[in-house]
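The structures come next, written out as structure tokens.
Both complexes below contain chain A, partnered by chain B and then by chain C.
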Partner chain A sequence: MSRKRPFDRDASSLGAAGGRAKSWKRPLDRDASSLGAAGGRVMSRRVNAFWGLVAWLVGIAFFLPVAWMVLTSFHSEADAGTNPPKFGASLTLDGYREFFGASTGASPWPPLINSATASIVSTLLVLLLAIPAAYALAIKPVRKWTDVLFFFLSTKMLPAVAGLLPVYLIAQKIGLLDNIWLMVILYTSMNLPIAVWMMHSFLAEVPVAILEAAAIDGARLPTIMRKVIVPVAAPGIAATALICFIFSWNEMLFARVLTGVVAGTAPVFLTSFVTSQGLFLAKVCAAATAISLPVLAAGFAAQDKLVQGLSLGAVK
Partner chain B sequence: MVGLGRSRAVAFVAPALVLIGVFLVFPAFWTLYIGVTNYRLTGAAAKAPEVVGLDNYRGVLSDPAFYRSLWLTLIYVLVSAAVGQNVLGFGLAWALRGARRAIRRLIESLVLLAWVLPSSVVAFLWIAMLDRDAGTVNMLLGQSPGTAWLVQYPMTALVVFNIWRGTAFSMMLYSAALSSVPPSHLETARVVGSSTMQTLRDVVLPHIRRHALTNTLLITLWTFNDFTPFLLTAGGPDHRSEVAPVYIYNTAIVGGDMGYSGAVSLVVLLINLLLALVYLRAARAGRSS
Partner chain C sequence: MPKVRQFTPVLAAIGAIALALSGCSGAGGGGGSGGGHTLNVLMVNNPQMVDLQKLTADNFTKQTGIKVNYTVLPENDVRDKISQEFSSQAGQYDVATISNYEVPFYAKNGWLYPLDDFVSKDSGFDQSDILKPMTESLTADDGKLYGEPFYGESSFLMYRKDVFAAKGLTVPDNPTWQQVADLAAKVDGAQPGMRGICLRGQPGWGEVMAPLTTVANTFGGTWFTKDWKAGLNSPQWTQATTFYVNLVRAHGEAGAPQSGFTECLNDLEQGKVAMWYDATSAAGSLEASDSPVTGKIGYAQAPVVQTKSSGWLYTWAWGIQKASKHSADAWKFVSWASGKDYENLVGTKLGWARVPAGKRTSLYANPAYQQAAAAFYKQTQEAISSADPRNPGVQPRPTIGIQFVDIPEFTDLGTQVSQAISSAIAGQLSVNAALTQGQQLAEKVAAKYQSK
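This part shows the complex of A and B:
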């Protein structure tokens, strides 16, 4: 983003630094824009303001369920369950205390630690495997290797539920049911295809000239990777990691079937928590909020690169 | 100099390929095999499954429940993703195209929340809010006892839910896409007095056609394979919201009939591959042009 020229400033926040978005903002265009009739401008400004307001309302409507959840999590059980809901009730941390087992002694830490293990370890493994693969495919690739790239993509399009049965049977056979390391391996392979594609899209932005200059200066591949590629592609690598983290943390289908008491992840824990504690709305909202925090943080951190990454390079 | 030699390139790609092969591709093929057996989750057929040939496939293809599930999936995907998320996402991006960056980012963040949250959290949220007796929606509507939304209108609820859940991606993608439309073209369109519809059709659409295609196919595939409907309605009541992934889950894990479910999986897999092929063709065409 630092490469943006002054005129690009109001261009998209989502990485307009890429290819064709660049060429249009020439001085001439600015003259053209000042030719607009003054009356039409006032009119369109009003129309824009109207649609802007609509966008605000829609945005807030989208936000309402989440706001309700967070607000309720800070209410006492008595206030959370009233009809009509008391939105202005006093706030308390009791819901969170209860979620962490203040009165029952039941700790939510094992599932949280399971989720953290599965997400973090699998994300690290994904990076370890995806960066070299994407490098080989992005920097001066052998021509036919686009096919490899598309193979990666096509595997992501297999419906997850179709692979569920065999994975279940294999896990059962080798005794890995209800084992968090099975989830680590599964999440790694599930996120790999998309990570390779995302990394490819980000690495393709590294100017080959820099690499060649480094090579001429005598840098060898490991040095080039560490000193040139990783720094330039760092935002992309970070975004890829964050998105993989989000996907693994949120994964529900496999976790639900393949884990149980020991290796249950946080989302699975939440579903059973809802079943057993559903009457205690504040407590459940606190649980849901606490479980959402890691991915919310990751989501906001990755926001700017999210679309470029997930659209597989179609959007720069 | 910078490019890797062939052998080193292979070494770089191979580990990823092996992992994907073992854990994604191989299971998919195994699903093909399970589909021709009478494998069950429990009981005698679990210990020694027999090959029953194409019986499962015959059963699936003559099962009204399967066609109902496909039909529901089609509605779910078309209405909530292809139309709902697409149109609302574009609308939001269009409405915010002139807004200040900070404002656009803020609204994007609000919408993004729904996209980022774990499916078990959003499922709980919607179940709680749509509850007949204590649900916030019914309270706000002043109904008591209120409508049991997920029971009386399961598909409508799922569609609305998925629009809420997924619009963020379309919005952000179109927002990026719209920035590739030269402002001077929009300005010209305004000066010559073309209507918004004309501007969209003649100026905006040609620039974002490829983005729209990518977006539609991505959200279609995501919605098609989305398991969250199970958490909301479990396919019920009376199978009225049993979209394909839920149907597979219900026959295999709940019903225990792995063989039959494997056959359904294969059919779903083929539909997905078909969609993927359409996408790959389109993506390649876009790349070469």
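This part shows the complex of A and C:
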């Protein structure tokens, strides 16, 4: 068992692929233990090595495009555009200079601040609304709570693009076009159903016995929420928050249509480097790398909680 | 208990909206008013626009005190955004880059501000210096001018002088398509891996349909007759398309069904083709100092059959939104960006090769520009000047436009037909089958206009 630990750490150090690599552990455990103790040593070592290799291959396959993007971002435009690609081309920071407006004078900070505002505020609002809602559906279920859950889900069944035109026209009429607070409201409402579903499944796993014990000790609802439910559901909350943050940080369809001069978000800004005349790969890769950094940082910060959270279960 | 709890999200939502509205006033709202001295400009992300962004603050803003906020997007995105902005007259943007395809029907829909009054009062602008086909293609059916060109292009034939010289061949200055096809056969394989000619095959109304429509025009075909009868299954269109498809399949570039402007540019630069029929704006890239074929390219007029000239006409122009509250400031910007002084500014500051060309007679008479663009300036000027957007073929047309039909439906129609044509170039479909499909699509569009 002790040999498995470093493997886990290696796999999860791959970042995005970490969560995935972790899930490969399950079959491995079962295989290893089903072989029994006697005579299974050599076999289990081989099986381990096999699954380790598979985990690495999957991890690398998922990470390769990202690594390619980062590498390309340090190449010159001419080197980035060659076919076949040049791996060993000399490195330059020109792409990043372009991102910071070297030739256009357009600063990347307003769109980054807009994206941060929209993502962080909407994520906080979502958590504020989703946790109580999930509590009402999971721990003290309201009547017909399954219907309520499906109602939440049904709001995601309408293709987002179908709602785009009405939202645009309403925003225009009430003067909220190109306003970052409109994006906050939209992202909150778009992510709320997902957050309620996720939080519901996390809270459903909180053992009722703990809650009863706390109640017998005289704790009231706010205390139970704060001191019992939140600590137990923390991985779930972290996972939910991260997903909401990523979804709103990367949202492009609504942002492209509803924002303009002042409220443009980072993904819309990213597209402004694409041109139909001339080379742009290195610039776009540099911009994409820079814009992914906040999400990566958030992912690393929440990694421990996230891995627990993604395997869906608070006390598994 | 449950009932009370169900209200909490509603209350929270109201709170969120209140927060949003308060944030609205705090952030200064959208649209950017800024006391009448700020302009919002929406434009396509082409190199000429990048230069414009760089030069605005130190020149235009310094001279006039008007601050310009640019939003730049790639071509397809910007078209979507502009049509959405202008059709709803949202007024977020004062000025946008629109092409000569959009200007006439945008004007007809009342989305654009007429510019004639501004032009007549602005003595420094000099509308008569703008190449005539440009002015004509930005004038709507009501006779008013609705756009000023930023830069423009036609199409012509580019070829490798060294390859033709080595084979003892010459390309006429005004070739016919038959001559071009014969030459393509002769230079095919002149160097290892070199094909005869590059012609676009990539689907898209602005990709394969642009050169093919000019070929159809000069073969005597038209998308629609004056009384809106679709003509894609006419003998002339069939002849033109068969010629184009056969030429590409026999002597065209490798991977033709996926090749557009960018791919052909690469092919010619890397010696994979000996000729290329495409936009005049390509010459700037071919003659750039870092191009491998600088000085090796010859330029001839667009090949013809029945017409005298056959080049297309395209321009990115400035249009002022009707709903703009700053139309006078907006004109100052348009007048500056499309003016002579701006061309001189780019020429002296960034180099003459980067001037937004193809719109003013004076630029082609400027010795500094003549020297920088010695290889192609004459041919470019002739190509643009000889384009006739109202009468590009052998019969009267229902709308303006050379390589497109100036109706909003054309982007969809052209793209759908182009997919069939591209399949024909790939050999998956016969030319007749492709054009029969195209005819059915075109008839549906034509029916709409016949009843008007």
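Keep in mind that, in the parts below, the second predicted complex is superposed on the first by the 215 of 316 C-alpha atoms of A that agree within 3 Å, B and C clash if a C-alpha of one lies under 4 Å from a C-alpha of the other, contacts with A are read in each partner's own complex, and residues count from 1 in each chain.
The rule we apply is simple: a residue touches a chain if its C-beta (ideal position, glycine included) is under 8 Å from a C-beta of that chain, and two chains touch if they have at least 3 such contacts.
Everything numeric here is computed off the predicted structure, so don't read it as measured data.
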- request: For A:S103, decide between first (touching chain B), second (touching chain C), both and neither.
  value: second
- prompt: Which partner, chain B or chain C, touches the larger number of chain A residues?
  reply: B
Query: After lining up the shared chain so the two structures overlap, which partner does A:V257 touch, if you call chain B first and chain C second: first, second, both or neither?
result: both
- request: Pick one for A:L293: touches chain B only (first), chain C only (second), both, or neither.
  value: neither
First (chain B), second (chain C), both or neither touched by A:P132: both
Message: Quick check on the superposed pair: does A:V184 touch chain B, chain C, both, or neither? Answer first, second, both or neither.
response: second
Message: Taking the stated contact definition, name every residue in chain A that is touched by chain B in one complex and by chain C in the other, in rising order.
response: 129, 132-133, 136, 140, 142, 169, 185, 188, 257, 268, 271, 274
- prompt: Quick one: in the complex, what on chain A touches chain C?
  reply: 78, 103-106, 125, 128-129, 132-133, 136, 140, 142-143, 168-169, 172, 175-182, 184-185, 188, 256-257, 260-264, 268, 271-278
Residue ranges of chain C touching chain A (in the complex, touch as defined): 1-2, 5-6, 8-9, 12-13, 16-17, 19-21, 23-24, 27-32, 40, 42, 44-47, 50, 53-54, 57, 69-75, 77, 81, 84-85, 88, 90, 92-93, 261-262, 281, 285, 290
- line: The chain B residues in contact with chain A across the complex are 1-4, 6, 8-10, 12-13, 15-17, 19-20, 22-28, 30-31, 34, 88, 92, 94-96, 98-99, 101, 103-129, 134, 136, 139-140, 144, 164, 167-169, 172-173, 175-180, 182-184, 187-188, 190-191, 193, 210-211, 214-215, 218, 221, 224-225, 227-228, 231, 244-245, 248-249, 252-253, 258, 261-262, 265-266, 268-269, 272-273, 275-276, 279-280, 283-284, 286
Field: Complex contact set, residues of chain A against chain B
entry: 10-16, 20-21, 24-25, 28-29, 32-33, 35-37, 40, 44, 48, 51-52, 54-56, 58-60, 62-63, 65-66, 68-69, 81, 83-85, 129-130, 132-133, 135-137, 139-142, 145, 148, 150-155, 157-167, 169-170, 185-186, 188-190, 192-193, 196, 208, 211-212, 215-216, 221, 224, 246, 249-250, 252-253, 257, 266-268, 270-271, 274, 281, 284, 288, 291-292, 295-296, 298-300, 303, 306-308, 310-312, 314-316
